[in-house]
Amino acid sequence: MQKSLANNSLGKKLIAPIAILLALGMPLYVRGAEYPLMLACIIQLYVVAVSGLDILFGYCGQISLGHAAFYAIGAYGSAILHNNFGLPILFTMFVAATLAALVGAVLAIPASKLVFHFLSLATVAFGEIVYQFIVHSPGGITKDFNGIFSARLSIFGFEFSTYRLWYYFGLACVIVFLTAKYFLVHSKTGRAFTAIRENSHAANGMGINVRKYKVMAFATSAFYTAFAGAMYIHLVGYVHPDTFLRKQSVLFLTMLLFGGTGSLTGPILGVISVELLIESLRVLQDYQGFVYGILLLIVIVALPGGLFGGFKNVWNLLAGRLGKRRGGAGAC
Amino acid sequence: MLTTDKVTVKFGGLTAVNQVSVHVEAHRITGLIGPNGAGKTTFFNCISGVYRPNSGSVIFEGNHIEGKKPYQVNRAGISRTYQIINLFKKMNVLENVLVGMHPRLKSGYLSDMFRTPSQRREEKAAYERAYEWLKFVDLQDHALDPAGSLSYGKQRLLEIARSLASTPKLILLDEPAAGMNSKEKEELDELLKRILELGVTVLMVEHDMKLVMGICHYLNVLSEGKLLAKGTPSEIQNNPDVIQAYLGGE
Amino acid sequence: MFLRLLISGLVLGGIYSLIALGYSLIYKASGLMSFVQGDVMTLGAYLGLTFYRILGLPFVVSLILTVLCAFAFGMLLEKGVIRVLLNKNVLPIYVVLATIAISYIIQNGVQLGWGSITQYFPSVFSKSSVKVLSVSVQPEALLCVGASLVCMVLLHFFMTRTRFGTAMRAAAMDPTAAYSCGINVSMSTGITWGLSAGLAAIAGMLIGPMYGVYALLGSMIGSKGFSGAVIGGYGNMYGAMVGGILLGLAEVFVTGYISSTYKNLIAYILLITFLFLKPTGLFNERAIQDD
Amino acid sequence: MKKVLSLVLVALLALATLAIPAMAEGETFRIGTYFGITGGNSAYGIECRNAVRLAVDYVNQNGGFNGQKVELVEYDTQCSAEEAVKVATKLITEDKVDAAIGSMNSGEVLAAAPYFNEAGIYHFGCGTAASWMKEDWPYVFRAAMNNAFAVPIAANLMVDLGYKTIAIFNGQEEAALATANIFEETFKGMGIEVVARESYDAGDTDYSAQITKMMSANPDCILISVIGETGGPLVRQLRQNGYTGIILNKESFMDSQIEIAGAEASNYIAFANPYVTYKSVDDCDIPYMKEFLQRYLDAYGQMVKTDSAYRGWDTVMVMWEASKIAGSNESNALVEATHKVVIEGLGGTLDYTSGNREGYNTFNSFILVNGKNVLFKTWLEEGGYEAYLAETGNAK
C-alpha cells in the first residue's frame, strides 16, 4: 500500500502521451506525406506551448491571455541571437526561453496580486505591449512589420532539413518537456501550485509563499511557451509579427480547454483536435472563420469540461456500467 | 511561548479586537471562548498573519511576529486550522498532508523539475511521513480519496493532520469540533491529548463547553472584542462576568 | 494645433467612454468581463449603414432601430449564452472565451453578410467640415462628442432617477437582497448587457461616417476601451466616462507632441500601470480584489 | 490500458483524415493559389481570386496550357503569413501543383515564395512591395506593379507642380513603409524637403492627431503610402480636417476607396499606376480593359473595385503566354520562357525581357478629378491646375 502511494509511476503516466505522439508520427512511414508530417511537427511544438500554459492555468490557476508574447520572445529571441551573433541554434533556443522566463517572472511580481479578470486584462496589455515593441523595435532589430527569417534547425552541424528529421527533434523536445512537467507537478513545487489554485489563502497559511510560487509558475510557463516559439521559427524559417496577436493567445487557451486542464494528455489531445478542426474547416473557404467561431461557442456552452471532458464523461458512464473502477489518483 | 500585548484590530469604524493581551503556556492546551462575534477568529487571524493588528504586538518565542505574512508565521512554527474548512478539495487526502509539510521540505524548484536523487529520497520519506500523519488521525484508509469527498468530521481531522505535518510548536485550532457527532468529539478529545504528547502546544477556539472544560488547562474569554476573563476552567465557570456575558449575549 | 488635438482627443475619448461604460456596467451587474463590446460596435455600424444607406431611413430612425437591435442582441447574448454558462457553474474563463468566440462570429459574420470590402457610411451632414474657433472639424466629430455626452447624462438619470435604474443598481450591489425585495435580478442583468450593447452600437453609428465600416473596425477600440474602464476604476460608471476621455486625450497628445509610434502603446501602458499601481482607478472603485 | 488504447485510436483516426493519399497527378495543369479570403485585407484577395478563376476559364476555353486543362487548387491564408507557409507546404507536397499564384499581401508572399522557389515551382506573387523580388528567387515572378518603380514617376509630379515641401504619412506594413522610405530618399535627391513624417499601425481608425501634426508643418503636398482599405477613411479625414491641397498616393486610388472617402474628398489625388478602377464599364475607353471589366461584371454581378482583379488576370495571361512560348508545361521551361514574354496587359505592356522578372517596368501618372482618373499630363496641359487653384483658393 505504502509504496503505491508515492507517484513514481512515471512510465505508466507517459504511456498514453507517447503512444499518441508515436501514432502522430505515422506519416513518417507514408511516402510523400510531407504535409501531415509538417502538421505533426507543428502539433508537437504547440504541445510544448500549451503544456506550459497548463502549468500556469491548469495547475496554478492563474489565467493568461498574453502567452503569445512569450511565444514571440522565444521566436524572435532565438532568431536574432542566431542571425546577428551566429550562436548555435539549440543554444539560442534555450537563451531565448530563459529570457522569456525572466520576463515572465518580472511581469508576475506585480501581476500576482491581481486575480482572475484583472489578471487576464494585465496579460492582455502585456501581450499588446510586446507586440508593439516587436513592430516598433529599437533599431529595427526585429525587422518590424516585415517579419524575420532565420535558419532551419541544425545541431552540431547536423541539419534538420526535412520535416521527417525535424519530427524526431520535436518528439524529443515533447518527451523532455512533458517529463519535466510531470516531475515538477508531482513534487513539492507542483503541490504548492495546485494548493494555490485550490485555495490560495489556505496555501499561504500552510507556509507556502504564494507570490513566489505564482512567479515561478509564470516563469516556467513562459519558458515552455517561448521554447515552443523558438522551435517554430527554426521549423518554418520565418515569422511575421501578426502571428503573435491576441488571437494566438486565445488559440493556446482554446487548445488547453478543449483537451482539459491539469494533465499530461489534455494539452496533446487539445492541440490535435483544434489543429484538425482548423485543417478540416479549410474546405469551407470563405466560411471557415465563421464556422470556427460557432463551433467554438457550441463546445464552450455545451461541453465546458472540454471536448475530451465530454468524451471522458461518456467513457466513465460506460466504464461505470462495466464495473466500478478504482478511485482516481487525484490531480495528476 | 506566545504572548499578545494589547492587540487591537479595527475594520473601518468597528473595533473587532480591542487591546487583547493573552499568554499561551508551552505544552498546555489553552482555550479561547466567547459568544458569537466576540472577535475570536479575528484574533486568530491576527496571530496567524492574515490581518496585521492596528496596534499591539504578538510575540512568539521572543520574536515579534505581528505583521508577518501567513506563510512566514507558519515557518516560525505556528500552524492552524480554519473555522470554515479550507482544504484543497480536488487534491487527495495524502497530498493535502504533503502540502502541510511544504515548509519542512528542502527540495527546490530545479531539483523538483529534474527529480534529483536527493529530491527522490526526500519525496519518498515525505510520503511515508505523510502516511504516518494520516494514521495519527485515523484517515489512512482515505489516503487517495479527494479531500472534498470526506465527511465533515473527517475533513476537520484532515485539517489537523495537515497542520501537524508542518511540525509546528504551536497549533491554532479554530472550532475543531464544529460539525462533529458525539463519537467523533470523543475521538477528538483523545486526539488533542496525543497532540500534546507530541510536544505541540495548542491554542483553540471552541464552542463545545463540555470539550473545552474537560481538556483545556487555561481559558481566555473574549466578549465584544475585549478580554473578559482568564484562568483555569473552574475559575472561569464561576466567574460572574462570564456567566453574564453568555446569558446576556445569547 | 493644441485646439485641434483637443477636439480630436475628445472625439476619440467619447468613443472610448461609450465602450468603457459598457464594460463597467456589465462588471457591476454581473461581475463578468465581456470581450465582445468592440465587435458589437462594429455590428452597430453595419446595422446603422443598412438602415441609413441601404434602406434609406432618416438618420435618427436608423439610430433608434440600431440601438434597439443591439439591445436585443445584448439581451439575447446574456440569456442565451452567459446565463446558460453561469447556470452550469463553470470557471469564469469560459465566459471570457465565449465572448471571444462571439466576437469571431461577428467579425466573420459581417464579412459574409456585407462583403469584406470596407463599406461606405454616408455623411450625416451636408457640409463636409465646419469651423470651430477657426479650426475645421468634421461635423460628425462634433456629433460624436455631443452624442456621447448626451448618452452619459441620460444613463446617469436612468440609473439614479428611475425606478428601473434603482432596481438595477440594487441588483448589482446585492443580488440576493434585491431578489428578496422582489426585483427580477435575471431580467436586470439581461437589461444591463442590452444597455451595454446599445451604447456600443451608438458608438459604432457615430464613427461609421468618419472611419468607414469594416469587420475589424471595433477590435482595437474594444481592447483599448478596457484601458479607459480601468483608469476610471473598473465597474464605476463615472470612472469609465472620465477614464475613456482621458485615454483619448492621452493618445492624441502623445501622437501630436511625441510620436505616432507610441499611439497604440500608450493605452496598454496606462492599462498595465493602473492595474499594478492603482487598481482601484481614479474613482477608487473597489471592484478589483486584492489577493 | 483501455483508456490508452482508446486514446491511440482517436489519434489514429485523426491521422486517417490527415494522411489522405496525395491526389494522382492527372492530365490537368494544376495551379495552386493562396489568397487571403477571410481576415483583415480579404477584399483584395477575393477580387484577385475571382479574376484568376475568370482567366482560367478563358484559358481553358481557348486550348488550355499546351492542350492541358488548367485546374485551380485554392486555399485561404486568412491574411496570415503563418497560414501562407502551411498552405504553401500543402500545395507543394500534397497537391503537387505545377505552378502557383500568391497573395496580395507581400508579407505572405515573402513567407511562402521561398518554399515554391526551393521546390522549383513556377510562382507568381500579386503583392506590390519591392521586398520579395529583391530576394532573387529565380522561380518567382510578378505581373503586378512594383511600388518602387512608381516612386520616381510619382515624385516627378512634384517637380511638374513646382512644389518644394512634402509631408509623408505611411502605414507600417512592408508595402507601405518600404515605399514611403523610397519616396523619402527620392525626394531628398530631388531637393524636396520632407517636413513631416507620420505613421499609423494596422487596426487604427483615427488619424486626426497625425493629420494635425502634418498640417501644422504646412507642406505643399501630402504623400500617403498606406495599404488596403485605409486610404478611403484617411483621405476623408484629411479633407474633413481642412486639408485642401493635392494628395500624392503611392498607387491608384481605387473605386472602393472613393466610395468611403466621398467623391468630393477624393478630388486631386495624384499617383502613378499601370491601371485605374472605373465606376462603370462605359467609363473605360481602353478596349482590352473594357472587355475584361464586362467579363467580370457578367460573372460576378459587380464592378471591379480594386486593382487586385487586374493583377490576377494579368498573372494568368502571362503564365499562359509563357506556356505557349515554351511549348511545354514543365516548370523550368516555363521559367525560361517567361523571360521572353512581351504581351499587352490590362495596364499596358508586360515586358519580361529585361530579366528582372517584373512585367510592368514603366507606366503613367494620373490625377483623380471629379471621380475620373485623368492623365496627369493632359490635366496640366488643359489648365486643370489653374482650375484647381481657383476652386480651392490655395496659393501658388
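Letters A, B, C and D name the chains as they come in the text, with residue numbers starting at 1 for each one.
Methods note: contacts are C-beta pairs under 8 Å (C-beta built on N, C-alpha and C of every residue); 3 or more make two chains touch, one makes a residue touch a chain.
Everything numeric here is computed off the predicted structure, so don't read it as measured data.
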Subassemblies held together by touching, chain B left out: one piece
Most distant chain from chain A, judged by the mean position of its C-alpha atoms: B
Closest chain to the centre of mass proxy, which here is the mean CA position: A
Cα-centroid distance, chain A relative to chain D, in whole angstrom: 37
Chain centre separation in whole Å, for chain C relative to chain A (CA means): 33
Separation of mean Cα positions, chain D and chain B [Å, integer]: 73
Residues within chain A bordering two or more other chains: 132, 136, 210, 286, 289
Shared interface positions of chain D, touching two or more other chains: 38, 46, 201
Residues of chain B touching at least two other chains: none
Touching pairs - complete list by chain label: A-B, A-C, A-D, C-D
Contact footprint of chain C on chain D as seen in their complex: 38, 40, 42-43, 46, 198-201, 203-206, 208-210, 212-213, 216, 229, 232-233, 236-237, 239-242, 256-257, 259-260, 262, 264-265, 305-306
Chain B to chain A touching residues, read off their complex: 48, 50, 69-71, 74-75, 79-80, 82, 86-92, 94-95, 98-100, 102-103, 105, 107, 109, 112-115, 119, 123-124, 126-128, 131, 143-146, 162, 166
Of chain C, residues touching chain A in the complex: 27, 32-33, 81, 84-85, 88, 90-94, 96-98, 100-105, 107-109, 111-112, 223, 226-227, 230, 234, 261-262, 264-265, 268-269, 271-272, 275-276, 279, 288-291
In the complex with chain B, residue positions of chain A that touch it: 2, 5-6, 180, 183-184, 187-192, 194-195, 198-199, 201-210, 216, 327-331
Residue numbers on chain C that touch chain D, as the complex places them: 1, 4-5, 8-9, 11-12, 108, 111, 115-120, 123, 128-129, 135-138, 140-141, 207, 210-212, 214-217, 219-221, 251-253, 255-256, 260-261, 263-264
